[in-house]
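In what follows, chain A forms one complex with chain B and a second complex with chain C.
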Partner chain A sequence: MRTTVRVYWRLLRAGFQRQSAYRLAALGGLVANTTFGLLKVAVLFATVRAAGGSLAGYDVGRMGTYVWISQAMLGSVNLHGRTDIAERIKDGRVAVDFLRPLDVQAAEITTEVGRSLFALIPRGLPMIAIGAVVGMAAPESAAAYPLGVLSVLLGIVISSATAYLVGVAGFWLVETRGLQVCYMVVSGFLAGLFVPIQLFPRWLLLVAHASPFPSMMMYPIEILSGRVGLAGALALLGAQLAWLAGVGGLGQALTRAGRRHLEVQGG
Partner chain B sequence: MSAIVEAEGLTRQFTVRDGARRRRVLAVDDLTTRISAGEAVGYIGANGAGKSTTIKMLTGILVPTSGTVTTCGLRPVKDRRRLAREVGVVFGQRSQLWWDLPVRESFRILAAIHTLSAAAERARTEELVERLELAGFLAVPVRQLSLGQRMRAEVAAALLHSPRLVILDEPTIGLDVLSKQRLREFLVAERRAHGTTLLLTTHDMGDVERLCDRVLLIDHGRLVYDGDLAGLSRTAGAERVLTVDLTAPSADLTGIPAARHLSSEANGLRQRLAFDAESTTAARVFAAVAERAEVVDFTVEEPDIEDVVRRIYAARR
Partner chain C sequence: MADGIALRARLRPYAVVLASRARSQTSYRANFALDLVSSLLSGLVELAEVWVLFHAVTRLGGLDFGQILLVFGMADLAFSLANMLFGHCDRLPTYLRAGTLDIFYLRPQPLLLQLVTSDISLRRLSRAAVGLVALVAGLAAGDITWNVGTVALLVISLVSGIATFAAMFVWAGGLQFFLVEGEEMTNAFVYGGRYAATQPASVWSRPLKVVFGYFFPMAFTGFLPAVVLLDLPAPAWLPAWLGWCGPLAALWAWAMALLCWRWGVRHYRGGGG
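Then we have the complex of A and B:
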């Protein structure tokens, strides 16, 4: 057990270090995140004011929290569906994954989460700082902070585990780009990247809740913005764990089944 | 001696999309062989003959269509993760290093993956760094290495956990002569020091000649030869070639018993004769030549293995 922890800790750090090699990309991401954050502030604040100061549980302060935390998580939560494993399956490098005494799924997700955690530093923290200046509401209960951080981490892991599913579809499909683009279009929208999902019409809200996407980004924001209380926060964390178990289990099954389909030819 | 690899009737089929139709291709066809601990085996054959597919079945990457294989006493697919601790694989065309991290960091991660103790990690890393001369670029990210440097780092990465079986899939591809030479020397030394079993696929016959004491030749997925190198030449009926330089231009040296005139240069000053090693000797052919002309100098060429392989393939068509 201890050795297992050590192995995956190393992989997590490796992902973290890999990402740290790309500083310019991080800077570019920061600029984009800030720009879109200010844009979201302009549109959504106007919407809240037009609704008379409160909309679906969001006042201007909470909407500020929503905007800046969603922008802070954007570099770390996989809402684009692109994964390293998809590339490796396509070009056959995945053979090397199977040569290691590791669970292929766990190793891949751990590495991706390591990269995501690094991204929180150059792309996440500055957003929180900007939010603090521009204005965002704090939750009423101090317990919301540790629960919120835990929820952010779970959101990152769930997104990696879900994007992994898109990647391993490559065991069956020659090209997963179409699937990846679908994921990109749907995930951002249903995760609440553009507007809080509570602003959706009822039917769309039901669709969102039937998918893992809100658990990647919307749930942590609801906890950290104080839109839900302590009991609500615990319920959302429970839902996140359930989604993690679901997509994680599906990933295990697909990895196992996909191996029988693996055709690494030549080289 | 205990068996490291035991394959019986090992077969793998692939589906190939050929336009709209699908074709079935037998990449490996009914392969039965046994490799003992400590052997060094060269696995040769043309592109697409089935070498890499075999290796991927031995290591549990690919699932066989039929037949059985045991590697290091384990079932590769079922015991993949345990087997990974016993086997080290170098794919000449695929990297197992972390592209954007320094070489040293890849070694650290691999040591953790293989749960080496801190002391074992240090000792083994030092040994490999010294013997493969890696010290100069340990801190350099892998993507910045030259091919020769990267291959040495790849070999070190595959051998870090001191595997019992080392499989090298075209390890010298693209390397310059000096880099090839160094890598071969290292592998010879590694075998001597640790008794490692070596399985090598290659197109480079120099690799086979210098490293292997046994050759498996595969053609269209079928094993067509299993034995030593000399035997391979005999099977193919490959000829040795005697080249003689004469003091004066002479007529073509035809009609020498058991030898065949190949070519003449410079009005017959230099002539080449081929002969079959089974039916005559170089000395006899030379003596027959010396009776007819005065010889200044001569060389004897051994059969080129690539030529031997070509002959075996041609004979099977």
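Then we have the complex of A and C:
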């Protein structure tokens, strides 16, 4: 048991360190996230003001929290669907992964989460700092902070586990680019990347809630902006755990089925 | 006459490459269909992002949904077409890392022209269709007095919009020689520019007006011509007569793009090997 924990801890650290090598990329991400953040502030604040100061539970302060926390999470939550596992399935290297005494799915997700956690430092923290200057609302209860942080972590893991599903579809499809592009287009929209999903018309809100995407980004924001109270926060965390169990279980099943199905091309 | 033939002979290699790229994309039918669908989907989702806001409030930045459709349609159609023709300049960092850019140096043709004509993304036609439909809907919904002037403004703005977005891709490409792995830095203004161009510029703060109104002339691709076409009140810092200045904006964007490209190419020392 202890060795297993140690191996995954090392994988997490390896992912973290790997990401830390790309300094200029981190700076680029920072510029991009800030620019998009300021554009979102302009249009969303105007929307709240046009609605008379409050819209679906968002006033200007909470909308500020929404904008800057969503920008802070953007570098860590996988809303593009690209994964290493997709590449390794395509070129057959995954056969070596199966020889290792590690669970392929758990190892892949752990490494990805390690990279995402690093990204929170150069991309996440500056966004929170900008938000604090430009203006964002704090939740009413101090308990929202630990719950919110837990929710952010769950969101990151859920996004890695869901993007993993796109990757392992490659056991059957070989070329998963089309699926990945569809994931990229749909996930950002339904996760509430450009517009909080509570602004959606009812039918679209139901579609969003029927997908794992809001649990990647929207739920943590609802907790940290204080749009939901403590009871609501616990309910959202419960929903996140359920989604994690769902996509995680599906990923495990697909990995096993894919292993039986795997044909490595070439010799 | 002889000049015409010489020109044709010089353009022929480019045409051959483009035709072969187009053929190779359409030869895998199922894959091409899927590409068209995903490209259509991305256009639709971008439109939905705008629609959702106007579903929540009826007017935003002094525009109603019909009016923003015109802004979105002009800007997005111009962006999609520029993206189809110039979007692969984004792949320059990959060429730089792999050292494959050096192949272009072996041919007796200008580098930028080779890069631009090295590919054409036909799948983006379906995205352009979304912009076109939005544009037509916006024109139909708007209260426009049709005369030679309005038609001319529409055509001028579309052409200069395409040129402006194309310049953005070239500008970003030129800076990749320095950035390589920091490509997201230019994405902020190329794709952030697209996002900005489809918004009512009247909601922007003053710094945003400087960056996306003038420095990267995004407001000239949709919002400003729409202000003239629909006779809307112009916001502060962006007077209505600027609606006619799309070609100037395109010239400015290309001047900046070519300068950055030249600067980048001079900086480049080859991929090694």
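Keep this in mind: the second predicted complex is superposed on the first by the 266 of 267 C-alpha atoms of A that agree within 3 Å, B and C clash if a C-alpha of one lies under 4 Å from a C-alpha of the other, contacts with A are read in each partner's own complex, and residues count from 1 in each chain.
Simple rule for what comes next: contacts are C-beta pairs under 8 Å (C-beta built on N, C-alpha and C of every residue); 3 or more make two chains touch, one makes a residue touch a chain.
Treat the numbers as computed from the prediction; the structure is a model and nothing was measured.
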item	value
Chain B versus chain C as contact partner of A:32, first or second or both or neither	second
Per-residue touch tally on chain A - higher for chain B or for chain C	C
Partner chain in contact with A:93 - chain B first, chain C second, else both or neither	first
First (chain B), second (chain C), both or neither touched by A:54	neither
Which of chain B and chain C A:259 touches, first, second, both or neither	first
Partner chain(s) touched by A:24 [first = chain B, second = chain C, both, neither]	second
Touched partner set for A:101, first chain B, second chain C, both or neither	first
Contacts of A:186 with chain B and chain C, given as first, second, both or neither	second
Chain B versus chain C as contact partner of A:6, first or second or both or neither	first
Which of chain B and chain C A:43 touches, first, second, both or neither	second
Residues of chain A that lie at the interface with chain B and also at the interface with chain C	22
Sites on chain B touched by chain A in the complex	14-15, 27, 47-48, 52-53, 56, 59-63, 77, 80-82, 84-85, 87, 89, 91, 93-96, 98, 100-101, 105, 108-109, 112-115, 141
Interface residues, chain C side, partner chain A - complex	31, 34-35, 37-38, 41-42, 45, 48-49, 52-53, 55-57, 59-61, 179-189, 192, 195-196, 199-200, 203-205, 207-208, 211-212
Chain A to chain C touching residues, read off their complex	22, 24-25, 27-29, 31-32, 34-36, 38-39, 41-47, 50-51, 55-56, 175, 178, 181-182, 184-186, 188-189, 194-195, 199-201, 204
Residues of chain A that touch chain B when the two form their complex	3, 6-7, 9-11, 14, 17-18, 21-22, 92-93, 95-96, 98-103, 259-260, 262-267
